Amino acid sequence: MTTKARDLGLGTGKKARLTRMLYRHGAGNGTALFLPYDQGLEHGPRDFFANPAAGSPSYIMKLAVEGGFNGVAVQIGLATKFYWEYAGEVPLVLKLNGKTEIPRDGAALSPVNATVEEAVRLGADAVGYTLYVGTPAQERDLEQYREVRQAAERLGMPLIVWAYPRGAAIEEHGGKDSFYAVDYAARVASELGADVVKVNFPHPEKRTGVRPPYEQEYSQQEAIGAVVRSANRSLVLISGGEKSGDDAMLEKARMSMEAGATGLIFGRNIWQRPHDESLRFAARLREVLDKYPR
Amino acid sequence: MTTKARDLGLGTGKKARLTRMLYRHGAGNGTALFLPYDQGLEHGPRDFFANPAAGSPSYIMKLAVEGGFNGVAVQIGLATKFYWEYAGEVPLVLKLNGKTEIPRDGAALSPVNATVEEAVRLGADAVGYTLYVGTPAQERDLEQYREVRQAAERLGMPLIVWAYPRGAAIEEHGGKDSFYAVDYAARVASELGADVVKVNFPHPEKRTGVRPPYEQEYSQQEAIGAVVRSANRSLVLISGGEKSGDDAMLEKARMSMEAGATGLIFGRNIWQRPHDESLRFAARLREVLDKYPR
Amino acid sequence: MTTKARDLGLGTGKKARLTRMLYRHGAGNGTALFLPYDQGLEHGPRDFFANPAAGSPSYIMKLAVEGGFNGVAVQIGLATKFYWEYAGEVPLVLKLNGKTEIPRDGAALSPVNATVEEAVRLGADAVGYTLYVGTPAQERDLEQYREVRQAAERLGMPLIVWAYPRGAAIEEHGGKDSFYAVDYAARVASELGADVVKVNFPHPEKRTGVRPPYEQEYSQQEAIGAVVRSANRSLVLISGGEKSGDDAMLEKARMSMEAGATGLIFGRNIWQRPHDESLRFAARLREVLDKYPR
Amino acid sequence: MTTKARDLGLGTGKKARLTRMLYRHGAGNGTALFLPYDQGLEHGPRDFFANPAAGSPSYIMKLAVEGGFNGVAVQIGLATKFYWEYAGEVPLVLKLNGKTEIPRDGAALSPVNATVEEAVRLGADAVGYTLYVGTPAQERDLEQYREVRQAAERLGMPLIVWAYPRGAAIEEHGGKDSFYAVDYAARVASELGADVVKVNFPHPEKRTGVRPPYEQEYSQQEAIGAVVRSANRSLVLISGGEKSGDDAMLEKARMSMEAGATGLIFGRNIWQRPHDESLRFAARLREVLDKYPR
Amino acid sequence: MTTKARDLGLGTGKKARLTRMLYRHGAGNGTALFLPYDQGLEHGPRDFFANPAAGSPSYIMKLAVEGGFNGVAVQIGLATKFYWEYAGEVPLVLKLNGKTEIPRDGAALSPVNATVEEAVRLGADAVGYTLYVGTPAQERDLEQYREVRQAAERLGMPLIVWAYPRGAAIEEHGGKDSFYAVDYAARVASELGADVVKVNFPHPEKRTGVRPPYEQEYSQQEAIGAVVRSANRSLVLISGGEKSGDDAMLEKARMSMEAGATGLIFGRNIWQRPHDESLRFAARLREVLDKYPR
């Protein structure tokens, strides 16, 4: 990373924090396995019925430490009340914006719930921001994003962008996890200064209404490769999304790392199962990461 | 330039930076050939399928240095992560606003993604702002433009206005590249203090619904001449737009320079072809510029 | 003016600047002939086809000096790039807001493009603000007007209000140049603190839909007299509007001065004709003003 | 002035105000005769015993108008209470700092009593600042001067620096009106951005303790010539100082203008005599200025 | 420079501006020859008697262009009124603080006369700050230095520190140009964040009262080598000081470059001689620099 981060054009503080997360935690080889835990806000408690223990932030924090995750991503309330116990043992990613799934998604905008300065105060090693690429609310979204980006720059805090295509126009052009939409979203995050970009695994087979070059046939490997290239110097994390079969997830992980991604950010696929299975699955993902030192 | 820039009513810092770009780079005779590279945000990665190498900002920065361009125009993310390698070797134009093409264009507004102060911090020699002339969002657009203009004045930073007619009313009156619309846009940029204005080449044959004096027949040379006069002391750059035939582009360049334009800002026509062809085409454009010292 | 301006309740700086414009320029007798030149923004370059030379702000600035005008009114871009050559030779009126005519006018609002402080920095002797009286956007219009008025007060800068009736409701009640609408607009400007108010010459014959007292028959002289009285201590300037016959304009001027107006603000009627004719017509208008010392 | 002021590197507002003062008042040929009237603060009323009428600021303001002075320089209190009557008839120079002569002068510092913004509000055409060159208080003096200079730049207000050598070290090196001290003071004002510098006429015969090159013999004409050159693009005004013989003053004026000074700033020599004699002497000074158009 | 500047830990803007000055001006090989011209403030006009033409800032600016200097260093007044003519043709170094030599030097402090923002507005490529190392005023000096350093960081402006030992304690310990004092000053500048440090050539033979290790005998080459090492990643410029013999100056230059200095900053040794001789001597210095590409 030492060499790599310099090539990324990062300031000293961002480099220090990224190096810490990627080389002193997890596989320790510049790859990453993050544990996201903002589903309680985004989806509500329904996500915890599969494994009620996972409804407890303490349980998750402890899991992140035990599982050797490179970081745990939470909203301000959980960070404030639960991170102090594990502060310094696992890196904290403070998710700065977030919303409920209750109102319609047509003009989705994720409001800012905390600041970069609060992330500093809590000892976080990165902040997260959800950018809804393509919605009619794009104007306000980009404005609040700009302020977050500038604060992150000023305070040397790595900025992870959840780059999520959304809105009616996206639905007309392949949908939110089409290759077209994910590729565009990765590029937008890169153009606008994300240090790390979190995307869904792209679906090249979703071609209805997409722009010309995406109408052709692409393999999954080709698609994820293009997305990583579109992100260029923004490190890429692949979302796990809804819980799915382990082998499919592992294959997704392998293809992503093969394509040059930095790592994975898997939540429900980790904690929507009993504690020991969670650790076992995390270990299997780590084995994939071990093969792709950065 | 000494005499010229003084006549332009420019402050010292704006003159220093413009002189540097126009007389110490490129043809070095007061003309300009800029390389714009914000299509990744404006159109998404689809523009890079013709020449995948061009998807890499490093490739483009290097091309700008090798091709002796007068500057490369990018968004904040790419400037932050890629310009430092070439800092001081090719002038940087920081594009301050920008948006995706995904939502509908009816009330187009390009949100501000970066500030003039950031441009200064990155060592830029100019900033760019897209003003959508004629849209229903005109009010908010002019307000955010005013703040950019004032910051550019305060920090001695040349302001390049992408003067783009847009919106339903424009579509009813000749369309966005009609002589009527382009001429009006050039004038608006000048009235509101652009140091440089970037316009599309005007189409005098698009006359449906235009205002009276534009209903008559004008040659392309007459139209571009009028546009340059409407810009008066704002230097004029002609956009290349979509990739087109080389001879047509060279003729467009020649007519523009003959009309008094300062230069060209060609992106896709340059980098949507293999590396060596890009350099060869840039050299042919330079030959045109060589004939029109300012 | 000494006595007069004191009676107007003006602070020292406003009085100094008004005295300078009205007694040390033009007829020098407290009357005024201003040259407005913001049509390039408001209407686009189409207004310059009648006399292409007038498309050049330099030409206009020189005309203002040669013709002995009491001031020239322009937007910030032209003031910045063209006034320095003539700075101190003819007073500058910085027009602070303005818009294009492209989007529909139903809820017209003229966004603020420059500040009173910028007017001070450029050495202006007055600022101009277009207030669209009666539009649905009145609320935002009055808010931004208030800020301009307060800044003008703080910096001793005379405030000229372009009081223009506009919007659907106005169209239903006599139209924008009916006696009813102009009279109301003049009063609004006065009620809200204009130092000078610019109005169109009122048309008492436009009576369709006007409020009761305006339904009666009034002579033009009665109408303009009423408008000047409605403006009370706001000095009145009469707009020239579109180019019209010289004799009609001179008669309009005479009636206005007879009614107590301070002067005229004629643009297209001046510069939409060859240079020498412009000067000759300005001289004829001056002859009218000479007869009405204030 | 057009050409000259442009060469001076002045912004538009400074040029407008200087042009106004130097070309539309007084001799009207780019020279200047200013009337300073801050002696009531600097020396107390003792200066008015010679001509008690001159104790009245109204008397002085009226004299400035009648005598066709290029400006009258006063402190904030007099500007506020007396200038409004003559606002716009004679330019106002607001003296921003000043002090009494009562405490010892060893570490002289002239505190700031008003701001550039107040000068703008009062319609002033210039501000004045006394810089005591060489005193032990130099550090604080330069700091408050910097703020005045920056405000004057921001508001386009010409800055006249009263460049006065002072303090024990000056007394040891030739004294405050030695050629050495005046020459250094003129240069300091120029190095630090004065638009106009007011100096005492230099005495080349005061050579005790001066730095080497000043130990030689110089004529008065050589000395004043060197001082004007040291001021380079800062216009030079020569102080009258204490009342002296008319012929000596006229000769001093002639030599100064011959050397390239812009004009004179004579107070006590003007108003410490009866009204009509004041006007007659001003007329004789004007005759000198008439011979040196700038 | 690409490699080198990266190693210096510089942000993008600082790198852009340093690269421009060191690789696109002068010898163009990463070395530097600067022309300092703040002696009019620091010493007064006495420095110009040897070559009166040099009293004119225009003469100096032109000399800097003709002589191919890497930059010209002046105070704010001269930068404002003289640089615009040559803006963009030779880099500007805005000297931010400065003082007269008139008051005693015992507790020397150089007050801040201009800001980094003003340097940006004027298009400067670096700012200069005089830090008097060792004076009793050290506390206030370091405070105002900190603000300058922070502003330079925020705006990407290279900071050149004139590291000058001064004050009674220095006089007791070898004097201001002793090896001991210069070596300490170079280290202080480096410890406190100078991008470039300007020092006098060290005199190892001045050993009276110096600290133990400096009491030994060192050659001049050893001394300058140590000073450059003390500056570590702050680039070193050697001052010319008072005019001296050409061969001695050339030898000083050679030893400095051999020791790893980046270049020279010679004023009086350049411009205290006739114009053509100045250019000839600059050319001889350039020959030395040509041998030490960085």
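A, B, C, D and E are the chain letters, set down in written order, and residue numbers restart from 1 in every chain.
Please note the rule applied: a residue touches a chain if its C-beta (ideal position, glycine included) is under 8 Å from a C-beta of that chain, and two chains touch if they have at least 3 such contacts.
The UniProt protein names, listed by chain, are A, B, C, D, E = Aldolase.
Just so we're clear, the structure is a prediction, and the values are computed from it rather than from any experiment.
Asker: Between B-C and A-E, flag the pair that has more C-beta pairs in contact.
Answerer: Ranking B-C and A-E by C-beta contacts puts B-C first.
Asker: Quick one: compare the interface residues of chain D with those of chain E and tell me same or different, with half as the dividing line.
Answerer: Different residues, largely: of all residue numbers at this interface, under half are found in both copies.
Asker: If I superpose the C-alpha trace of chain B onto chain D, what rotation angle comes out, expressed in steps of 5 degrees from 0 to 180?
Answerer: Resulting rotation angle: about 180 degrees.
Asker: Based only on mean CA positions, could you tell me how far chain A sits from chain C in angstrom?
Answerer: Computed from C-alpha means, the inter-chain centre distance equals 58 Å.
Asker: Counting in whole Å, what is the centre-to-centre distance of chain B and chain C, each centre being its mean C-alpha position?
Answerer: The mean C-alpha positions of chain B and chain C differ by 35 Å.
Asker: Could you state the distance in Å from the CA-based centre of chain C to that of chain E?
Answerer: 56
Asker: What is the distance, in whole Å, between the centres of chain A and chain E, each centre taken as the mean of its C-alpha atoms?
Answerer: Comparing mean C-alpha positions, chain E is 49 Å from chain A.
Asker: Where in chain E do residues touch at least two different other chains?
Answerer: Within chain E, residues 6, 11-12, 80, 83-85 contact more than one other chain.
Asker: Touching residues of chain B toward chain A in the complex: what are they?
Answerer: Residues of chain B touching chain A: 38, 40-41, 44-46, 49, 52, 55-58, 74-78, 80-85, 98-100, 102-104, 109, 111-115, 118.
Asker: Show which residues of chain D lie in contact with chain C when the two form their complex.
Answerer: On the chain D side, the touching residues are 1-2, 5-6, 11-20, 23-24, 79-80, 83-85, 87-89, 92, 117, 120-123, 154-156.
Asker: Spell out the part of chain A that touches chain B in their complex, as residue ranges.
Answerer: Within the complex, chain A contacts chain B at residues 8-10, 133-136, 138-139, 142-143, 145-146, 149-150, 153, 165, 167, 169-170, 173, 180, 183-184, 187-194, 211-214, 226, 229-230, 232-234.
Asker: Under the stated contact criterion, what part of chain E meets chain A in this complex?
Answerer: 6, 9, 11-12
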